[in-house]
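Presented sequentially are two complexes of subunit A, the first with subunit B as partner and the second with subunit C.
Take a look at the complex of A and B:
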């Protein structure tokens, strides 16, 4: 005798009949992971989690934030001092943006070191690079919104660097600033880009990234005999889901801890006079900022070279990577150029970032 | 597929256990640290630090045991002892107390002396003309690379010693009789329980409980107010109690009605009194 389905089972059956819930669930969770689940694969899921949390905290902040040059600073101060838990939500959003940049670097490094950008995954890599650009743009546009001295001058420096780009640089700088100095138009444009254009672009591209990833399938580990990989091959659920959940929990706890240790404290309200404040961009652009302080990059041409040409050429090189490196070898220890290149880039970023921090002492 | 303990170098063996054990314990320690922060305790200052270190002991024993058993079953093809986690933990703790302290001291000394040497090199007459930005980067690269090499060597030394401890346990273990696939299944089940829905429910419930605890402990307003921000000192309006307000209004109205009636009655009375002398007056002729 078969048992009668309960109410929940009936509801699930009703929805399943209309939207194919079970097929969707099977497609989502029963993806084979060659060589089994790994902690190295958690970065992509963590990025998605951080983005969702940024959307949630961003919406909560928008209930109180006023995007006008007259009220942006006051409304941010109000969020910090008057709104219940406002200081925490704002600090979480602030540290969440940094976490997103760190996670993008970690994810890109993992894909690069694992050789997962190689055929047939070139498209995933290219869309990933576009997503990297969007994440950096999120950081840049969001930095202005509190409208304090730090925000105002970081944007001024950023727009000046952008101005040096050939062909589109002047147009972009004028469009973003909307006037001779940053003001209401700048704030409005940055706000619209931050809360409308970039989220929409990120959602679309992230969807495409996931679709391409599922189409090509996970690359799996770069080491191991076919027998070992077969013995360990598993579905996405439960082991990888479990690892992803633990990693997301750790990321959430880390961002919360940072919000407690170093909550957002605004400087003075933005003015066109920097006073004693030494303008500098957000920490993830510090290496580039320090690079531009070198003598070799002084002058109009030097600034163009350091601020636009070298980073631009590097991005072009990254985009062309799957088409240049056509060897099927994925083991990073058998790709010495890739390994040494990655170590050099990471070390340079670290050295110039720390140098920029040390450089602050010489400015006072 | 599997390697003999003697085939794996002590550094590799130590790394294979210590690295994943570190990351296995980290998420739990971060959560504990966060709860301490929410309660206003710093995990790097005395009461908070002691609390965190105490709670870390069982976490570390579990993490080292889990990763040690994984390496024994998967990489070495050995059946791990039941007490592997506890043994590796106390031996590792003793190693950290001795070698770790020495390595920390050497590390600090190396950084300080390499910084001093780098500064002296940069103070040479020949290099005085180097601009500030270049000078900072060169100096940092000089002392940073020396320190990094020494710290790396000290870390490898630590891993070597820890690997030796693992090797001793591996030498005492018996070979695993099960085939590779069965062993993979065995270490897999150590990590993820067979009952998946139960695991996910417990994980989600723990997460929700921790988030509720976090919100309960968290201060409502910022613990770091801006020095120039003037807090609004508004007096809270008394809470409105509709029934009491209605009763009060009714009482006032009743009192008002009674007062009006009393006034009307008084007015009538005084009208009556006033009317009587008027009649008398009308009867009397007015004096010219």
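Take a look at the complex of A and C:
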């Protein structure tokens, strides 16, 4: 072997000198994970992966999609029925959005149960909550775009709920709809929000989220003495990266399978007449939808309570969590309030979602 | 105090060399070992745990061990370690003070005596504001352009009363409304209302003995529904959250009612809320029926979810 570097090595050395690639790579990969890599830590990476795939499929969809009231539906149908593999790209994007919501819940639950939101990681948690809001907003703005009946009614009802927010509600609802009723202006606005504003916001905040995470370092497990943790510590690369990659592969396979088994089917084109269709939001908003059917949330005030006040208060509570819960104890089995709270919220979301699904058959 | 690089290392009996490196624990961020090199350690660098360090001054590390016992400490195996440049450990740099003294970079000559530094900072903000503020109002107006459309009080034909066969039964009338939105060409939008021929009892419940007036934005009277005209038209929009409701036979109740499939509000034929979350009865609209039985309505929409009617279209 000659001591002379070959062309590839020269190119790498050239770039490295100017960019500092090797240091950067080392810094990225060599991060000690206290207590060692775990499957429980894969959710954040999976979210990043799903998001990147949503960007890719989203850009592909825009090659054919036209955001206008008279072409949105037809162009989406064209993507599904005419464009080669259009059905697959759209279905992947559709199921990817559901996967994103599932993964956000998993990620937040993991952080919550591990007590990883506690000092000094409060800022990571707060930025994470903003990201959660953005993911839900992605879902809400995204499913208007095909301009079918589901799109139209989910948006109509969703915006009416925002209208109930105090002081700014009416303005906000009109602003989003671009008028008093849903129409072309609504579609234009949701489109811009979905493909420009939210992605930019998500990229910026996800970057900040990662930066803050690296700044504070991983929290590690909630059990174990420093010596035990040290003995099990490894770097982000290769064991955690390996676990992340396996998880991403599983996520990809799942989304692809769902896209194959249950490809997107549009309902009738949107009109202000629902016909025989029973309006219903996407599954991840079903619990809220079902909540608003309850008698206690009837009337003007009840609606404000169920649609605005309770979800708002819940988000405020989540944001205040690291500042209320200041005990350094991270073991979930020694935090009974947190554990019971988590179980209660997850169970009620589940119960409301299931009862919304059961309710369907009574409507037909 | 942390041991400094290049500090002299002294055993209980004599000086043995200097601190050549320090080893940091990645979890506690504390120095776990010093590496001692020099003549006194026999050429090899030895890893001495911090527990063996008795005291640390600026340039001297005093060990508890005698120089003869130094050989018990393992020699440094360099390939079992990485440098701090090759690994990312949060807050490590700010906790390590192993360099003797400071590393300095000269302040550029032009920066040494800048008066009004605060002034320049504020000026930057002021210019930013000068750019942003005149922009804010146009942007707001730009985005608000379509938000407040004037009300449309045109009469629309929706069908003929001969479709209504029985009293107090909701009949859906679908009609096309021509809308012209912004830059878009005129388009027909499917809409629907529910009309019923009300029995005197139901009519009384709708009008409560009073004629019903409809007004425009300026508060001018547009139309009055006379309380004795038996045809009542309800807006197709559910007053709960704006879905489209239906006319359904409910076996449990043994009668037919209006049902909204969204949040399950149930209304009597008169529009009164029977059950469910709706905050107010169905919204009656202006209706007129000519001698031939043709029905015309004004397509009014009210804000959903409020107790009082707020007209938005």
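To be clear about the criterion, the second predicted complex is superposed on the first by the 362 of 364 C-alpha atoms of A that agree within 3 Å, B and C clash if a C-alpha of one lies under 4 Å from a C-alpha of the other, contacts with A are read in each partner's own complex, and residues count from 1 in each chain.
Please note the rule applied: a residue touches a chain if its C-beta (ideal position, glycine included) is under 8 Å from a C-beta of that chain, and two chains touch if they have at least 3 such contacts.
Because the structure is predicted, anything quoted here is derived from the model rather than measured.
Annotation: superposed three-chain arrangement on subunit A; subunit B versus subunit C shows no clash, the two fitting side by side. Residue contacts after overlaying the shared chain place A:294 against subunit B and subunit C alike.
In the superposed model, A:76 lies in contact with neither subunit B nor subunit C.
In the superposed pair of complexes, A:229 makes contact with subunit C only, with no contact to subunit B. Of the two partner chains, subunit C is the only one touched by A:178; subunit B is not. In the superposition on chain A, the chain among subunit B and subunit C reaching more residues of subunit A is C. Applying the stated contact rule after C-alpha superposition, one finds that A:54 touches neither subunit B nor subunit C. In the superposed model, A:250 lies in contact with subunit B only, and not with subunit C. Using the contact criterion defined above for the overlaid structures, shared-chain residue A:141 touches neither subunit B nor subunit C, since it reaches no partner.
Of the two partner chains placed around the shared chain by superposition, subunit C is the only one that A:28 touches, whereas subunit B remains out of contact. Of the two partner chains placed by the overlay, only subunit B lies in contact with A:261; subunit C stays clear of it.
The gap separating subunit B from subunit C at its narrowest, counted between C-alpha atoms of the superposed chains, is 8 angstrom. Overlap of the subunit B and subunit C contact sets on subunit A: residues 293-295, 359.
Interface residues of subunit C facing subunit A in the complex, by the touch rule stated above, are 25-28, 82, 85-91, 143-144, 146-149, 174, 179, 181-182, 184-185, 187, 189-192, 236-237, 240-244, 261-264, 276-279, 301, 303-307, 312-313. Put simply, subunit A touches subunit B in their complex at residues 36, 39, 77, 80-82, 84-88, 225, 227-228, 231-232, 237-239, 242, 245-247, 249-250, 253-254, 256-257, 260-261, 263, 265-266, 268, 290, 293-295, 351-352, 354-355, 358-359, 362. On subunit A, the positions that touch subunit C within their shared complex are 23, 26-28, 30-32, 34, 68-70, 153, 156-157, 160-161, 163-164, 170-171, 174-175, 177-181, 183-185, 214-217, 226, 229-230, 233, 235, 271-275, 278-280, 289, 292-295, 297-300, 302-303, 359, 363. In the complex of the two chains, the subunit B residues touching subunit A come out as 1, 20, 23, 26-27, 30-31, 33-34, 37-38, 131-134, 136-137, 140-141, 144, 180-181, 184, 188, 191-192, 196, 199-200, 203, 207, 214-215, 218, 220-226, 228-229, 231-232.
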